Structure formats: structure tokens, C-alpha cells
Amino acid sequence: MSYNTFGTMFRVTTWGESHGPAIGCVIDGAPPLMPLSEADIQPFLDRRRPGQSRFTTQRQEPDHVQILSGVFEGQTTGTPIALLIENVDQRSRDYSSIADQFRPGHADLTYIWKYGIRDPRGGGRSSARETAMRVAAGAIARKVLGNSIKIRGALIQLGTQSIDRARFDWNQTEQNAFFCPDAIAAASWAEQLDAVRKAGSSIGAIVEIIAEGVPPGLGAPVYGKLDADLASAMMSINAVKGVELGDGFATAGLRGEQNADEMRMNSNGSVHFLSNHAGGVLGGISTGQPIIVRFAVKPTSSLLTPLRTVDASGTDVEIKTTGRHDPCVGIRAVPVGEAMMACVLADHLLRHRAQCGVRPITPVLPSKD
Amino acid sequence: MSYNTFGTMFRVTTWGESHGPAIGCVIDGAPPLMPLSEADIQPFLDRRRPGQSRFTTQRQEPDHVQILSGVFEGQTTGTPIALLIENVDQRSRDYSSIADQFRPGHADLTYIWKYGIRDPRGGGRSSARETAMRVAAGAIARKVLGNSIKIRGALIQLGTQSIDRARFDWNQTEQNAFFCPDAIAAASWAEQLDAVRKAGSSIGAIVEIIAEGVPPGLGAPVYGKLDADLASAMMSINAVKGVELGDGFATAGLRGEQNADEMRMNSNGSVHFLSNHAGGVLGGISTGQPIIVRFAVKPTSSLLTPLRTVDASGTDVEIKTTGRHDPCVGIRAVPVGEAMMACVLADHLLRHRAQCGVRPITPVLPSKD
Amino acid sequence: MSYNTFGTMFRVTTWGESHGPAIGCVIDGAPPLMPLSEADIQPFLDRRRPGQSRFTTQRQEPDHVQILSGVFEGQTTGTPIALLIENVDQRSRDYSSIADQFRPGHADLTYIWKYGIRDPRGGGRSSARETAMRVAAGAIARKVLGNSIKIRGALIQLGTQSIDRARFDWNQTEQNAFFCPDAIAAASWAEQLDAVRKAGSSIGAIVEIIAEGVPPGLGAPVYGKLDADLASAMMSINAVKGVELGDGFATAGLRGEQNADEMRMNSNGSVHFLSNHAGGVLGGISTGQPIIVRFAVKPTSSLLTPLRTVDASGTDVEIKTTGRHDPCVGIRAVPVGEAMMACVLADHLLRHRAQCGVRPITPVLPSKD
Amino acid sequence: MSYNTFGTMFRVTTWGESHGPAIGCVIDGAPPLMPLSEADIQPFLDRRRPGQSRFTTQRQEPDHVQILSGVFEGQTTGTPIALLIENVDQRSRDYSSIADQFRPGHADLTYIWKYGIRDPRGGGRSSARETAMRVAAGAIARKVLGNSIKIRGALIQLGTQSIDRARFDWNQTEQNAFFCPDAIAAASWAEQLDAVRKAGSSIGAIVEIIAEGVPPGLGAPVYGKLDADLASAMMSINAVKGVELGDGFATAGLRGEQNADEMRMNSNGSVHFLSNHAGGVLGGISTGQPIIVRFAVKPTSSLLTPLRTVDASGTDVEIKTTGRHDPCVGIRAVPVGEAMMACVLADHLLRHRAQCGVRPITPVLPSKD
């Protein structure tokens, strides 16, 4: 079965193909009385929009979002919010040449094996175009979370080049085409990615998303764990092959003493963690510390280099993908990852309120830092 | 809200605390007419059972499973299957000394912050004891999958020591206490873990689970992706901090050409992939290749070394955990990871059958190798 | 929380308000490879469309449906199908006069109490306009069910006037403005409803929906019962206050012998039921007999007669509803009820296939009559 | 697929067969910190327990409930609550004589057609024995609702004999074997049911459940309607064939003026409804008035009178059911209906809190009467 919905209380359903007339989503369960207009959503879409630098696909999509329901006189009404974006630059050229060939690394063949049919125009439903609606939903999720929760993302590795953590500066992420927090790395990446792009190749990346100000207590044992839902949300983004929280895979190499997040009382009666190896989640429940998620994005599979594949007639062929594509799809995954973080947290905020209501936190308070 | 259920069609609900009278689960949606008895489940529980070597907790639990419903004269009836395991060695000693202290790295404090209450006896619901029921459910999931799908797991890294892939031998995994496929690594690990254990410390690990014989077409766009569900399933296991498929995080450092799984026709008309960087999933749908999942397990947080923490009165204290614990909880996570793989695949097998029925795979066939 | 989705495998999510720019729905989980175009859906919408006789609201809506996704070259692809209908005749006149008054029998006040806000234009989300999307979804559900399952509905009571069962003729339902299967009753109802309409009043009705050709085995114990899902589906239609299956409330007055559906073998080895008091469902599972559901629709609450109510300032006022309304909303509920039957059956057909696959029915066959 | 779970936030999963070793349920999502012990649940089970008068089945089951998880030192912990009742009087006599015959009006044949197998001992999963767990879950749901919400049920019709509304007295429901609120009707029913019982026959009934003190705002458009969920909940009870809210089916015969629940301001600023035709729900959302649900229970299908049926070999046979059975299963459906009302309301209370939080009700208040 196809499941194009995620979330339990804050529920997002997306629809649409890369080259259909439009894409859209329905957000169900958003609280009423939140101020909301297209202007709250558009800036986030603009960050993800293609064609903004030479490092992303040259497809020109204004991604102009329309709210079709669920808002009255500038406020949410509690009923489903429908969003729609028209596809403008879908270039309805002849796609028959690739319709019968299965691009390696794409979902072409798996869709055929599952469904016996696929929409070959621009990747159809498997196109990263779908992620525009995740970003739109994320903008509404941020409204649910309120201003005290801040969610930001950065590209921390391009190919094999990592940033230097000592130079991490959130302001830098808005100064380059990579959402890179390290100005020096960004300059180096530009050079590298130019080479990749000109070679008709592509390259992988690692994205880090951090949510600050998340109250403790979100998430739940044992299959509604906050980290399990985050893992699912991030892994559902196109081309993602790995997800980790906090120290993630590195914890495998640690001793218990190295990994323990010890605690001490602050003078104001709150509890201060001395480290955050856990990435803000213990036992599936938020600790109040920053929630830190990283995910790996594989290199785009669309390449100018000919690759060996087969076609629908069962013949060995070679394929080159000449269309417009991102040389590093990881870049535009940054706002998508932020959006997924926002949606998961919004859902868990409402879920927590359902079961536990609004109760004073006792007996010791979490630290606000 | 608490969600102790996972799966859509093959649904598993678990309950129970470490030191309560019993733990159990309900499996809903299993097909009828499957031969099933306790003897089908017990061997998998025995693999996970504590106290089988000096490298796991010395708690003695026979983990004798009882089927309470859903089976008639040796066959499943299609109605819910209830399983129950009595807790035998829960040692109802005085736990008041730790009831008011929050162990670093445990869910003690997050449970309190979420619920305002916790069962402190042996970790209550957050104990890895819950995973016994996952293993039991996995045994039934294997029945759903049938014999042509083979699911196996191995510990491939203990601390910083990885296995040598050239020595990978599934038979070895049953010859040592670590589910280690590399006999030489296993010997080395025994030494290392003895040192860790004697020091009252703990250490992390990496587990790899491989499913072979999975038909293509399982999974679905875009939030019911097979890899997204696997990520969630593995991340929900206690102490897991990262999950990856196929080449996983390493894909970040690859060029598109390196990561592409090219294809060629076999002489019998089926399609052969020339590599499996994808780990058996493309676009969220299985390719028919082996499904390869790895996850990182952090070191157990229960240590003899005193750690700084706070207590319920808001006082700085030091804590030592003197109870019975696994020096490397990753070891017993191997059968648990296998079980989660089985449950996710069984669920997706039924979900696929719902939407797509049983249709001949066309126009090209997947390779059977 | 708001839940604007129903179904488990065949999932329908609707959105939109009476006087917003458009209404729409997303259908997720429909099988691939079904031929589908707007022409398959439009005829069902035309049956429900307002303004077709003097007995329904005079609002003029062409209800022209567009398919925005999920279909490629005339076939479903297995991905979500988005449908959209623009609101044309929403008459954006001044609604301030009624915005602050709570119409008796409407959801005006309950929406305010729940959400603190409501869209007062034409009833907003609570308008029966939403049912257009149910009808559209139902058209697709019929495709899932195939031609061997026939779903038809009729108005069997208008006010206190029932049809004469002896005159029941399905062909008649297309010959009058009431979907009435009894020509003589229809003539009488026209007279009665004219009087009601001219008096600015309204009247209730009873609708009967019958599904023939439904295979045995759909539905499941104990909270996924086919009749429980039908009850929920019908009760969710605007203005419905009661639902029954088979002999329904009349079974309360029966003795066991009178209510038993006895069985006999046919000469061809199939089982024949001698009656259908059960309405085609036993133990929550279909019997293969016709599934018979009836539901009561209350009289429209919009009346020219002044009614006592209060306004948002807490003042007693009298209210008359002068807008365009159905004097008997039960009439247009007939195609809506058919659609809900189709959606529930399609969902259960897929759910059954998930758990039980396609197995020969044994040891005795259901009768085909 | 089998779905033995209901509810979204307050989730109940039941398991077990009539003649298995035990029956049980898991309640997930109950708020933490609620005082709870077996003593809170047992009284409700005792009301439903068989064998308490000559008018119900003579099976002797103490229905002694055990809490196996989710409670620590007398308080709920927020983790799943597992309940278990051992089957004591299952009389494991030879059931082979009926195992191959399909009782009319039972689920014998539909289970076989669905699953290809059934547990014939005492009806297996389709036995009303399952409702014991509903009653147990309902006791916990009442805890969630708190003392200000009162849920009571009554049998208002036995066969064709209705109570006299003028004599309705809740106290009477505890004075007779029928939960009958009319002492005179109860006396008459005793006579009638004795005759039915002695004739080896059975008879239908109508049950009414009323919830008072329910806050306005519970429920949601358009498929999460409170009345739709109540309809589903009641219809899922064994032998129920019809459900209605408020005036229910009688509204079909009313004019709009007769059915309108007009409103007036109280002197204290709250809104008073002048009638409750709606049964406490408008637009799927509670009005604050009493919620009134009625459902029809068909006569038990187990009869001493021989009925025509077929057996598994495809032979016409006659069947008499000589086991222990309720001559009017509607009687014991009263506490079951109360429990389902409690569970649905608890679920919606939590769901409402999730989406809408705790907000002052404005601009006008509901009346408290």
C-alpha cells in the first residue's frame, strides 16, 4: 500500500508528480487560531527553490504557494489546510526516449516492479520535487512549535570534505550556496562542485539539523520514540541513506564513561547536562538539550557519464541523463531536513499534550540554556 | 501519547516492565493457516536470552513463551496472537536507593519529565527486557515471510575494532558469544570485552542485518518507504543512535559513478545488478537484492565508575550502577535487529499485497541470485 | 484533533470549505493500472449536483472535477490521486449578519466552542458541499471493486411517508427527483415537498444503500468489523442521525427463530441463505448476500421560520435562514451514501487481500445469486 | 486484515477466545498519574459477569482481572496497561459435533470463508466473552474522564415491549436483572423472558446509553466525528444491528421546526438549549448536552429449536444449540455499551486536548445543567 501521509496528530499528506499540473499537500490537525498566510510559507520554499545558484538544478520554478482551505481571515480554523503549487517549468518535451530505460540509482525499475507502471516524466512521484510540500508543511509546523523552538540546518560535509567545527557559524549558512556554516569550507566546496558539475558527475553530502528550545518530555516509549520518528522522517527524504542522533555511529567506538551525559544542578534549581552525546533524546524522549540529527545524502544518480543499464525490452543499453539536475542534491536537502524536524516535533508536541496535558515539570527543572 | 504498537498490517503491540509480573505482546493481522507453536518462537528467544555467556547480563530468565490466543490446533486463525513471558528473576530487592537518582544516559529523568512518574525497578518500561517480545514477534513475522526469505544478523564492530570483511562467515556467528562472523575478530573481542567488563565499564558496537530473497516491490512512496520504516524500527531498539542502508554514510563521500548500481541482463531474461551500494532499496522500494541495514549501539550507561548526576531533591550526587548489566548491549541487539527486519518486511509484504495484489512482474524480471 | 481522512488501505482525505476557492481530496492506496479519467467520476458528481430540480438547493455548481496526480496516460499509477473542484457560485456576499449568530441545528456554535473560530461563509467546513468529494472518491472506489459489485441507493421514506416495497423498482430511481424506487410514492412526495419548500420548512428522510455481488470474507473481528466501518461511514455524512444493517432496529422485536438466516445447499454445491435479516454481515464479515444499510437524515436546519437562538454577544435573538438550501437534504444523500459504501468496501477488499491473500473459498461455496 | 485495536490516543487492543486459557487487553495512551488498581475495574466486570440471574448464560466465570503492567505503586505510569482474565469455566468438552456445522446467525461460516479456519470452541473470537475486556477498558476510560462525566445505560425495550418514559428511574436499573429503569416494565419482562427461556428461544432488545457532563468541543470534522466514532463503537458490539443518536430514526419523520434545538441565554451568561433532539452532538462535535445513543441488539442465534443449515461436507442438516447461552444478549450489552461510550469519549478528550489545548470557551458559555 501507498502511504503518502505522515504524522499522528499533525498529519501531512502530499500528492503530485514532477511534471503533472501541480503538487500539493493537506495538513490535518493543526491547532486553530494560528495566524497564517502564504507569506509565512513562501520564504521557506524560496530557500529550497531550484535554480538559485549554478550548484542546483536549472529548472525554473517560482514555487508560488496557495492556501486553498483551513484559514479564515488570516487565522487557522482547525480544519484541513490545503496547499497547492503549480508546476510551471515542467517542459513537456518528448520523454519517450527515457520512458523505456531504467536509470541506475533511480526508482524507475522498482516502481515498475511494484506497480507495473510509472510516470516517467521527470521521475514522476519519486522526484525530489515532492519535497517542496514538505518544506511548506514545515513552515506551518514551525507555527505550531512557536518562536521559542529554533530549527536550523547546515551542510557539514560535501563529498569527503568536512567543515571545521571550530569555524561553525550559523550566519554563514545564509552567505553561500551550500548552507555551509564554515566560510572557508564553502569556498573550497564551490571549486570542487564546479568541477563535479562540469564533469557531468555528482557528489554526496552530510546534512546536520539542530532544534533548540525543545521542551523535555516529547516522544514516547517504545515505538513512538522521538528518535525513531526522526529517523523515519529523514530517511524518507530522497537519496538519504543514513541517519544518526547525537554522536551517532561514533558511539560504537566509545566507552560508557565517554558517552555518559553527566548532570549537575544549576544554582537556580535546574539541571544542567555536562555534554550532549545523546543528541537531546534519551529513551526516545527529549531531554531539553538541543536535538541533533545528521543524515547522509547519496550523490545524484543522474549523470552525463554513460552507465550500463537495461531497457523495457530486456536489452542491455547505456544511458546518459542529459536533463536538468542537482550535482549535489544534499544542498537542497537542508531546508527539507529542517522541515521534517519541524513536522516531527509539532506532531510530538500535540501527542504529548494529548496524553500528559500541561503539567508542571517536577521535581527538578531542565536547564534553559 | 504513548505508542506501543508498530506496523500497519502486521501489527505488534508490546507491554510490560522489567520487574513486573510478566511481559507480553499482541500480534494482529497475521495471516491465518500458518503452522505455529511455542516451539517456533522459543529458539529465537533463546538466542537473545540473558546470562548465556559472561559477556551479557547475569540475570537468569528462561524466557519461556506462552501462546494465549490466535492459534487453534497448531495453526493461526487470523485473530490476534497474544504471547506472554513471565518475569522470573526480577529480584524484588529494595530499589529505593536508586529510585530517586537519575542515571546518566538512561531514561530515568526523561520519563519523570514526561510522565511525572516512573517505575524505577530495573528501568521499568525502558529496559531492554522489552526486546524479548520483539524477538518473539519476529519469529512469527518469519513465518509470514516464508522460507525463501532469509534474515541474518552479525556484530561487525565492537568498540573501535571492525571485522575483516574478507573473513566474513555466517557460520561463525553461531560459534562465539558475539554473533561475530570473523573468528579472529571474535577472539580479540573476547579479550577486549573481558577487560571492559572487569573494569565495570561498557562499550559500543555496530550490528549488520541482511535480508536475502526479499521480492522486489515492497515499500512505497513517499512516507511508507521501506527504508524509512526500517530506520524507525532499528532506531526504536534501546541504545541505538544511528541507522544506515547499503553504503550508508559512506555514500556522502562518493561520486555518482561510484555509487551507481549498474544493471545487465542475464541470459535467462532477468536483470542483474552489478553492485549493491543501495542496500536493496531504491525510491523506498525493494530491488530484490539483499537488504542491508546497519545500526550503531551506544555503550551501556550502567557503569561501576561513579558518574556525576542529580537526585530528585535537586542535589548533586555520584552514582554507581551495581546491578546486572550487559557490558556491550550491542551483542544481544543482533537477534533483536533481525526480528525488527522480519517484522517490517512482513508488514510490507502484506501492505504490498493489499494495494498491488499478486501480479506477474513485468517487463523484465529480477535476478534470483 | 481533526481527522479528515478515512480508510486504512484505500484512504480518502478531503479538504475545503463551502465558500473557499475550491474543494478537493487525495486518494491514497488505490491499486495501479486501473483505467481512470475525469469521465469516470463526473457522472457520479452530476447525480449529486445541486440545482437539478426545484427540490434541491438552487446553488449553481458545475462541480467539474480535475485529476491533478496519480494517473498517467489514462491509468492509475499507484501514487496518490488528487482531485479538485473549483467553487464557482459561492456568492461572496456579506455574511456578517449571520457570522455572529448561531443557527440551531447547525455546527455554528460547536465549531466555536471547539476551535474558538469558524468560517461562517456557507457553513464552512461543516457544509454538505464536502460530500462532493466523497462522491468523487466513491467513483474511484467503484473502480477498485470492479463491475461484479453493484452499489445502488434509494430514498425509501420522505417525512413519514414510506415507499411500498411491493412497488420497488430500481429503474424508477432515475426517473424522479428523489431517487425514489416507487413511482406512486414519488408523485406523492413531490406534492408534499412542494408544500414544505413553499413553507420555508424542511423534512427528514431515510436512505437505503444496497451492495450486491460483494464476496464473502470482507471485514474482520472485532474493531475492524465491516458493519462497524459502515456505521461510521454513514454516520459521518451531514445530518445523519441513525444507521442500521439488515433488519436493524426491527430485530429488537424479533424472536431468534424469526431472525435466523437459515441455509440450504444448492444443487451446484454452493450454500444458499433462505433469508437476509442480517443484511449481508455476520460477525463483522460479509456473507456474500446483499449488504443492506439504511440511514436516517434529519430535516435541514435552515428554515424561513424564525427560530430562537443567541448571538456571539450573548443576546437572545431570532434567526431566519434565507440562503439557498435543500428542503430535504436526504435526497442528495443518496449518491453520497452509495459513495461511502463503495469506499468502505474498497478498503476492506484491499485489507482482506493483505491478510488473507487470494485463497480458494472452502469447504462450501457461497451462492452467486 | 484483522484490526483488534480501537481508538487513536486512548487505544484499546483486545485478544483472546471464549475457550482459550485467558482473554486480555492492552490500553495504550492512558495519562500518567491516575490512581488505578484492580478494585477500580472489578465492579464493572461484575455487572457484566454471566450467571448472575436466570436470564443470562449459566457459564460461571469469576472474571477476576489482573493488571500486569503500566501501574506503579497504585498510579498509572503512562506506559501500556495490560489486563488479563483467566477463563475458568470453558468446559473443554468435545466440540467436534458442532465444529463442522455452521450455526445460522453466527459467524461460523463467515470466519471459515474469510480465514479458512475457525476456533469452534464456544464461538472462539466471535464470542461475546471478548466484551469483558471492553468493560475493563471502559473502567480505565472513566478514570480518564473524571467524576464530572457520568455514563449510564439502560435496557429500554425487550422484544416489542418498551419502557414507559414517564417511569424512567435510574435507580431502578440496579434493582432488576435487566438494567431496566421502569419497575413495572421489568416485572413484565421477567415473565416474558422466562417464557422465551423455557421455550429455548431468544429475543432482541434496545439499549440506551447516556453520557452527562461531557464538555462541548469533543469530536471533529469530518471523519473524526464524535457520532461517527460512537456509531462504530456500538456497532462493533456483538449482535448489534442499528445505532442512533438523539431522536435518531425518528428525525426522518420530523419537520425542521420540530427538530431544531433552539437556544436561549441563561441569566448567568451561559447558553441553554431548549431541547436535545440532536442527542448532544452537532456537526460531529459535542454540544455540552447529554449524549444519547441507542442501539438495537438482535436475538441470540443459539436456539433449542432446530434450524436448517449445512455442514462442512456440504450436506443439509438441522442444528440445535444446547450449550449455555443468554436468552437476551441485550441485557449484558448494557455495561458493554457504557464502556464503549467511555472509551470513545476518553479518546476524544485526549484528541481534543492535542489539537486545541486547554483554551477558555468563548464567547458564550455552555450551560452546566
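Letters A, B, C and D mark the chains as written, and numbering starts fresh at 1 in each.
The rule we apply is simple: a residue touches a chain if its C-beta (ideal position, glycine included) is under 8 Å from a C-beta of that chain, and two chains touch if they have at least 3 such contacts.
All figures in this text were calculated on a predicted structure; none of them were measured in a lab.
Chemist: Have a look at B-C versus A-B and report the one with more C-beta pairs in contact.
Modeler: Between A-B and B-C, the larger count of C-beta pairs in contact belongs to A-B.
Chemist: Return the chain whose centre of C-alpha atoms lies at maximal distance from the corresponding centre of chain B.
Modeler: Result for max centroid distance from chain B is chain C.
Chemist: Once you find the CA centre of chain B and the CA centre of chain C, what distance in Å lies between them?
Modeler: 45
Chemist: Centre to centre, by mean C-alpha position, how many angstrom separate chain A and chain B?
Modeler: Each chain reduced to its C-alpha mean, chain A and chain B end up 26 Å apart.
Chemist: Please output the residue numbers of chain D that touch at least 2 other chains, ranges allowed.
Modeler: 1-5, 8-9, 14, 29-30, 32-33, 78-79, 111, 114-116, 125, 220-221, 350-351, 354-356, 359
Chemist: Would you tell me which residues of chain A are touching chain B in their complex?
Modeler: 1-6, 8-9, 14, 102, 104-107, 109-116, 125-126, 130, 157, 159-160, 196, 201-206, 216-225, 227-236, 241-265, 269, 271, 274, 277-279, 282-288, 296-303, 305, 307-310, 312-316, 330, 351-352, 354-356, 359, 361-364, 366
Chemist: Taking the touch rule as given, give the residues of chain C at its contact with chain B in the complex, in rising order.
Modeler: Chain C residues touching chain B: 8-9, 29-33, 78-79, 220-221, 350-351, 353-358.
Chemist: Using the touch definition up top, name the residues of chain B that touch chain D in the complex.
Modeler: 1-5, 9, 11, 13-17, 20-24, 26, 28-30, 32-33, 66, 68-70, 72, 75-82, 111, 114-119, 124-125, 350, 354
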